[in-house]
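Quick one: this structure, given as structure tokens, is what I'll be asking you about.
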Amino acid sequence: MAEYTTDELMIVNAARKLGALAAAGDSRCFVGIGLPSTAANLARRLYPIEPVLIYESGCIGSKPTRLPLSIGDGELAETSDAVVSVPEIFAYWLQAGRIDIGFLSGAQLDKYANINSTVIGSYESPKTRLPGAGGAPEIAASAGAVMVIMRQSARAFVERCDFRTSIGYGDGKGDRERFGLRGGGPKWVITDLAVMEPDPDTCELVVVGLHPGVSRDQVTAATGWVVRFIDDVATTDEPTDHELDTLRRLQAA
Amino acid sequence: MVISLREAVAEHVHDGDMLALEGFTHLIPHAAGHELIRQGRRNLTLVRMTPDMVYDQLIGSGCVTKLTFSWGGNPGVGSLQRFRDAVENQWPHRLEIEEHSHAGMATRYAAGAAGLPFGMLRGYIGTDLAKHTTTIKTVECPFTGELLAAVPALNPDVGIIHAQRSDRHGNVQIWGLLGVQKEAVLASKRSIVTVEEIVDELPPVPGAIVLPSWVVSAVCHVPGGAHPSYALDFSVRDNSFYKAWDAISKDRDAFTTWVDKHITSSADFAEYRQSVGI
Amino acid sequence: MVISLREAVAEHVHDGDMLALEGFTHLIPHAAGHELIRQGRRNLTLVRMTPDMVYDQLIGSGCVTKLTFSWGGNPGVGSLQRFRDAVENQWPHRLEIEEHSHAGMATRYAAGAAGLPFGMLRGYIGTDLAKHTTTIKTVECPFTGELLAAVPALNPDVGIIHAQRSDRHGNVQIWGLLGVQKEAVLASKRSIVTVEEIVDELPPVPGAIVLPSWVVSAVCHVPGGAHPSYALDFSVRDNSFYKAWDAISKDRDAFTTWVDKHITSSADFAEYRQSVGI
Amino acid sequence: MAEYTTDELMIVNAARKLGALAAAGDSRCFVGIGLPSTAANLARRLYPIEPVLIYESGCIGSKPTRLPLSIGDGELAETSDAVVSVPEIFAYWLQAGRIDIGFLSGAQLDKYANINSTVIGSYESPKTRLPGAGGAPEIAASAGAVMVIMRQSARAFVERCDFRTSIGYGDGKGDRERFGLRGGGPKWVITDLAVMEPDPDTCELVVVGLHPGVSRDQVTAATGWVVRFIDDVATTDEPTDHELDTLRRLQAA
């Protein structure tokens, strides 16, 4: 069995999910740069039904031959079915509900899948000033479903975010409906240790899968809230040689 | 109409102005930002969806008292060090911030371009942004009763962008990623456009838009004026320059030295390019 | 995805639907309108900024119970006779009308395409339109207190347009005057696009926009399907046909005879073209 | 002196005004098809500083070599500096106040320059159903100034319009300000008999010019309200041979 990094592990697991979603008809992905873009482009190469890549820079249906280094990479525009303005991509495409899957990450994730990418500490005198919201609040609000890809640690996976940049399930079940949000919210949290999903009854994130060789204690120790595990926690499949080869060729391109 | 960047900044940009130097990774007007530093503009309110290196340079140089933005980082690299130092430690002085989301900023530019006092979107709901940003309110749909987020129009004093080219009359042609370039110009009271080339006739280009000369205050011929950002079909993004900026900007003295050596000591962008070797 | 116009109308258009057959002089989907008459659709609500000959034909054929519009005439010729007869004399039956301005209609399509419940504009103020049209209200700017006109989003059941071409996957390419073609498709629950040609690859064209296949329900290959309107680079507007329509449509019997002879008696648009000799 | 039609007379007088306005810096004209388009294209040929033609079909800076037969004529798009969508032309260009001069006409004009292009008779059961508003309400609201070109008759020039499709000065001075309209409203009414302008004190349309050979009695008889004349009513210049030749060559193109 081939060696792989934790990044590769997260990317492969995300790509598998995207492949399954595309096969089921949820193929339109609103992708940022980094792990989500890599996972979506990997899925395009691994599966017969390809995800449709939509970038907030206005590229619709991009088919980059190499991984973009920035969301505004020229390659994205040149390989797109259509390029539209930034006001249009957010209004006519994301807000209108044409996106099946959005991706989010951040410095903090809380147990209801709310995310903080704004500040650590208080807003007025922050300990650490982070880049800010970007497209996250409206991706969280309007995407059909959201996938979170994030390294797991007790510092990052917290009981409550210092700042709520984008909403998952707010303070629990029913908040999304109360806020009149049209999108489905975070459905999958893929970390370097595990896979979490919202509990159907409470919307609290619970562990549904462990990566090969990861123990429950490791996950518990890396989670800032008292994390629960479903009864039959699965173990995710090892990344295959084919998945890893394809990913590495993609990254080398 | 077609004048030097020095003349354009001297004539159209004043201390205390609200400026939007826009560019969504593509076509970021770095050269124009440098000229603002050279001419020592102060008390500026800077507006931008994605403030990056050039805003870091302006903030660190003490030109800026307020920043209105939605994402302030060094794409693919990490933090904007001067921006962080200003917010976390008030260096070189306090920086007021007005924080929005991308969709909110795009809506504000579009409202400004359309001559509307505000714009609306399905956004912000359930986030803490509205608690800290006074320019986020709600509006009720008079037909359905739904509550939507409302944000005020952006109408900067000067909109500044880089573009691929213009003709000699000052009609500006832009293609590739369009970002909010058109809205930034149309929403602003005055506008400055730096271009890669000036031609007799604008040849049609797939995906291109044209801003007629009569909505542009000044066109300036500044080849490479977006560097380390790029202009599709003229240059590529200089990712290593963005990476190198992290180290330069982390340390206050290193930053100041770099700005003095390369920007302030250069008469114009052409000299700056020689100075940094690009 | 790529099917015959007969199949597309049979599958996607039902009695009682709200339809938008859009086209701003350019790219008006006449062939699709004829197929609605052939298949005897009834109780339709038709939406269009500029209802012209094809809406006159649908109204006179008794397919339409309501018309939402902003300008109903025969451009450069005069009145829409069947439209007038329906409003003035309820022939063939009563026609309910919902009347707006161009700017209001464009705002309603844009709001529909953007997933907003309403749109706003500086319009209607001081006119009598708001007294007779219940879908014109006001909204107050939460920042300035200004009153603006508010209009509800348009979200037709089916948006129908003509375009220059598509590829075999159903990606649609449109250039020249764009009108509200994009908004009409994006605002609608389903959409039908008739095209001049279907190609393997869409060659880039200056000024062209592309609608990805996944926002289009059906693409139908109907060469000349906009006639007497036109498709830039494929045909020119047949102004004499528009002029001739005035005489045909003035008289109820002449109109009915013409529709029976040329539209209802033809199996499809190709036969119709032979029948009218175009 | 050459013979000319009343249409030619109106077109030439409108073109002269457009030439003077362009020379003074008000060059952006939002033109419809028909007399305004002909007048604006004539002015482009007669004067050194050309009006900029903007059509509601989305064409900005059109320079047609022949007169368009419809507002969507392909020639308009092919000769434009830019072509934009219809939502954009109304929002970013007309509403934003980028248009100096709009043109209006209709079936009825009242003494405060309000215009009716909707119905004759009652709205519910009209005697004559007209095409409707089109772009008129927002042109009347947002254009810097409006020029009306319309054949004069007591039936068309009425005390009060049956329906107010677009607003001139409402019920008199101050109404535009009350309604918060940003545009300047109708400044010139050019007919086949005379030229009218709003009285500075009352905003009621008064006769400021008579075309060659037209008497005050003719104008009074052709006006449905008690029309006033300014003290020094001018007589408009005869269309020159050069103006008429240029116009006829344009129409023959």
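Think of it as A, B, C and D in the order they're written, each chain with its own count starting at 1.
Operating definition for what follows: a contact is a pair of C-beta atoms (placed from the backbone, for glycine too) under 8 Å apart; a residue touches a chain by one contact, two chains touch by 3 or more.
Since we're looking at a predicted model, the values are computed, not measured.
Chemist: If you tally contacting C-beta pairs, which pair wins, A-C or C-D?
Modeler: C-D
Chemist: Using Cα averages as centroids, what's the distance between chain B and chain C in whole Å?
Modeler: 40
Chemist: On a C-alpha centroid basis, what's the spacing between chain A and chain B, in Å?
Modeler: 29
Chemist: Can you pull out the residues of chain C that are in contact with at least two other chains?
Modeler: 115-116, 121-122, 146, 182, 207
Chemist: Which parts of chain D, given as residue numbers and ranges, touch two or more other chains?
Modeler: Within chain D, residues 91, 95, 142, 182 contact more than one other chain.
Chemist: Tell me the shape of the graph of touching chains, choosing from line, ring, star, complete and other.
Modeler: Per interface graph, the chains form some other shape.
Chemist: Would you please name all pairs of chains that touch?
Modeler: Chain-chain contacts present: A-B, A-C, B-C, B-D, C-D.
Chemist: What residues of chain B sit close enough to touch chain A in their complex?
Modeler: Going by the criterion above, the answer is residues 24-26, 49-50, 69-73, 75-76, 79-80, 83-84, 87-88, 99-104, 106-107, 109-110, 121-129, 132, 146-147, 176-180, 182-183, 207, 229-230, 232, 236-237, 239.
Chemist: So in the complex, the part of chain C that touches chain B is made up of which residues?
Modeler: Chain C residues touching chain B: 115-118, 120-122, 135, 137-139, 141-144, 146, 148, 150, 152, 204-208.
Chemist: Applying the document's contact rule, which stretches of chain D touch chain B when the two form their complex?
Modeler: 27-28, 52, 60-61, 81-82, 91-92, 95-98, 142, 182
Chemist: Give the list of chain D residues in touch with chain C in this complex.
Modeler: Interface residues on chain D, with respect to chain C: 33-34, 56-59, 69-74, 76-78, 83-87, 90-91, 94-95, 118, 123, 126-138, 140-142, 163-167, 170, 175-176, 179-182.
Chemist: So in the complex, the part of chain C that touches chain A is made up of which residues?
Modeler: Contact set of chain C toward chain A: 113-116, 171, 182, 186, 209-212, 214-215.
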